[in-house]
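Encoded as structure tokens, here's the structure I'll be asking about.
Labels run A, B, C and D following the written order; every chain starts at residue 1.
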Amino acid sequence: MNLDELRNDVCRANRLLAETGLVTLTWGNVSGISADRSLVVIKPSGVPYEALSPEQMVVVDLEGNRVEGDLRPSSDTPSHVLLYRHFEGIGGITHTHSRCATIFAQARLEIPCLGTTHADHFFGPVPVTRPLSPREVEEAYEANTGQVIVERFAGLHPLERPAVLVAGHAPFTWGPDAAASVNNAVALEAVAEMALGTLTIRGDAPPLEPYVLNKHYRRKHGADAYYGQTPY
Amino acid sequence: MNLDELRNDVCRANRLLAETGLVTLTWGNVSGISADRSLVVIKPSGVPYEALSPEQMVVVDLEGNRVEGDLRPSSDTPSHVLLYRHFEGIGGITHTHSRCATIFAQARLEIPCLGTTHADHFFGPVPVTRPLSPREVEEAYEANTGQVIVERFAGLHPLERPAVLVAGHAPFTWGPDAAASVNNAVALEAVAEMALGTLTIRGDAPPLEPYVLNKHYRRKHGADAYYGQTPY
Amino acid sequence: MNLDELRNDVCRANRLLAETGLVTLTWGNVSGISADRSLVVIKPSGVPYEALSPEQMVVVDLEGNRVEGDLRPSSDTPSHVLLYRHFEGIGGITHTHSRCATIFAQARLEIPCLGTTHADHFFGPVPVTRPLSPREVEEAYEANTGQVIVERFAGLHPLERPAVLVAGHAPFTWGPDAAASVNNAVALEAVAEMALGTLTIRGDAPPLEPYVLNKHYRRKHGADAYYGQTPY
Amino acid sequence: MNLDELRNDVCRANRLLAETGLVTLTWGNVSGISADRSLVVIKPSGVPYEALSPEQMVVVDLEGNRVEGDLRPSSDTPSHVLLYRHFEGIGGITHTHSRCATIFAQARLEIPCLGTTHADHFFGPVPVTRPLSPREVEEAYEANTGQVIVERFAGLHPLERPAVLVAGHAPFTWGPDAAASVNNAVALEAVAEMALGTLTIRGDAPPLEPYVLNKHYRRKHGADAYYGQTPY
């Protein structure tokens, strides 16, 4: 996939994100990385989704420096590029302030795996980061937002758990490409909404049995997947 | 009704399901059974609803083996066929992960009958299954999902209580035909949403008086029904 | 207004009701009464809203007997006509199972007046009826539903408090005409939703100060109203 | 900007408000003030949004007296003009009864700053006024509604905290112009909805760290802003 295709894909994924209803005002952005992992394409900052064209997408290097494009990249760009540098194999990232996922981020609670909807997409609880320190905020806020995510994923496989809640902030999701990261944002919000409701009527709701978690995740992911028309 | 009509009906019911707003991504499927109860038509796995055509519907036998169609059937097919084998008189089945019904499934709580909306559709609480055992999951997960539903309905009449919550998973609904099973999925979600709210403001809300439950159910169902234009 | 106009008005109000989003499936109906208070026009039972035409509206007398129309009237007709017989000055009635108002009906709690939105439409808490007795259900369920509403309004002015919750069932609203009763159904649902949220974050939320309730209600209603373009 | 442009802007902002979904029936209005701060343009009272034209906008002076226009101004006009007289630099005001912000107003609780979504728009908790006294209600209800807002903002900068909850009533938001005040109403509702959910799952959720609040607010506002394409 060349850079023009990536610009198209990322533009389309940003517009898809707006259509999902997960985004209020301009609170959300999607990026994608080139096949050789040298360049990232991301939404321009503060631009409404309806009007987005592929030409407006901003191309940055893995340090977040603008390489192509007339507009400023999303202010969250340093978080995105840091994730790409550390999480091998992810091809797209979505950031939103979707309601229920953000509620868990604000409560600073991980989203427990309470059912098979969760297990179909996230192989275990959706983790929440620690808060940034004053110094981390002052020195490089957005890059350090990426840093605490990476820190939190020590020992976890990013593609098996393609979502995180930044404490006091909001979720990031990722996936094999930009569109898949948007789909994971949709799944995350649904899972968060149902976890919220479940905890409301039963504060001590049990986690899904580990053997069911494993079964559902493996139905959809990996070598033994048998969901959909082409296993991936 | 021949098989072509059934394909049309099931395709239309799947699209109707998408229009109800009960489905996120591809989390939902509808099936229907032929008049002679030998063949089941079901949605193909992981295919978006907008694009569904009758030709894409998959025909399987009552063991879940594909008889006609180029695509793989829904991964939930073994659950559907098992229900058809055991629940006489049901003609269509709908499976969703609709938000509020799934919340009760995750909380592993039956939906109590708290009002006449519930009584109009479900003649008593909506039951929840037991969890599957590790062995049931490993050996035949989807068929055993159907099995625990059937086990839970011992002594209950499936058409008088056309819905179930699979513990830690989500609801299944059924009805005389595919479209009716979708309508019951809509009714179930409404009933679940209102039960959730009722329990939130009054944890000890009383169940509907049995004589009102009986009255409302009989107004709409059976020989003495007088709701609508043609009693059924 | 002649009967044809009333049929038009009631048909339009039923379609308006569907557009408000308050109605799931066919759970709702609107009626209107003729100027001489001899005939009531009401929705036919179980017919979808999109397809409703004025000709399909059913005309009944104040005993609920069909006078004109080919279809059966709403099964709730005896409740409607009983309210018209007892509540002078009301010209239209709406019945829904709208989510949040029904939640209060199921919890069998009145909706307290917690803010000015409520005060703008309902001059005090929205009352809840007692449950019907087994005998009332058996002998004349729908008429007795109207009867317990009338009983609950002893000492209350129906047009100052144009809504009620039937215990374990759902709301009825009314107004000077059919369209106004739909507007009151919309206002009731909003008020119920906000009361539900308010009680969730503050169980002991104080009622609106009586002098503010009075001020807001009188701003919109009665001789000293100054809201809108034509005081009513 | 001349008065015709202001009429256009205010009309467009009122229609935008209706499109946001924040408004039920006619419960909401937007105004704007002329560049020389001598005249205010506001929505007419009780008129539906779809039909609004610039010519219908009402022009009033800073005492709220109608200067131009055939229709009565919004009944909340005295609140608007009082805010314009006291809050220098605000160019537009929006009043709604949006669900979740109103829930906090009814609970008479400020909206705590629990996350960066809040910090992006409101530099600290969203304050709630005291209730009006019986005398304040009787003598000049709407003007005194503005008065208690101004009283509550003693020591606060209105443009850094462009929202308030009137106790037992609902929110007002403002901004540099009419459209910006509508955007702040949208942001406020999102923030209120997420605060409500956060407090539901964790009653003692911690406030956002002050250094993160400061960082996020300054990213979007003031001399050092770097969000969007043109810092403001």
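Brief remarks follow.
Here is the rule we go by: a contact is a pair of C-beta atoms (placed from the backbone, for glycine too) under 8 Å apart; a residue touches a chain by one contact, two chains touch by 3 or more.
The shown structure was predicted, so the numbers you read here are calculated from the model rather than taken from an experiment.
Shared numbers divided by all numbers used gives the overlap of an interface; between subunit A and subunit D this overlap falls below half, so the copies present different residues.
When every chain is reduced to the mean of its CA atoms, the largest separation from subunit B belongs to D.
Averaging C-alpha coordinates per chain places the centre of subunit A 46 Å away from that of subunit C.
Rounded to whole angstrom, the centroid-to-centroid distance between subunit A and subunit B, based on C-alpha atoms, equals 32 Å. Counting partner chains per residue, subunit D shows two or more touched chains at residues 200.
Chain contacts in this assembly form a single closed ring in which each chain touches exactly two others.
The touching residues of subunit D, counted against subunit C in their complex, run 24-27, 44-47, 71-72, 75, 97, 99-100, 102-109, 131-132, 134, 137-138, 141, 168-170, 196, 199-200. For subunit B in complex with subunit C, the touching residues are 114-117, 120, 183, 186-187, 190, 193-195, 197-198, 200-202, 205-206, 208-209, 211-212, 215, 219, 226-229.
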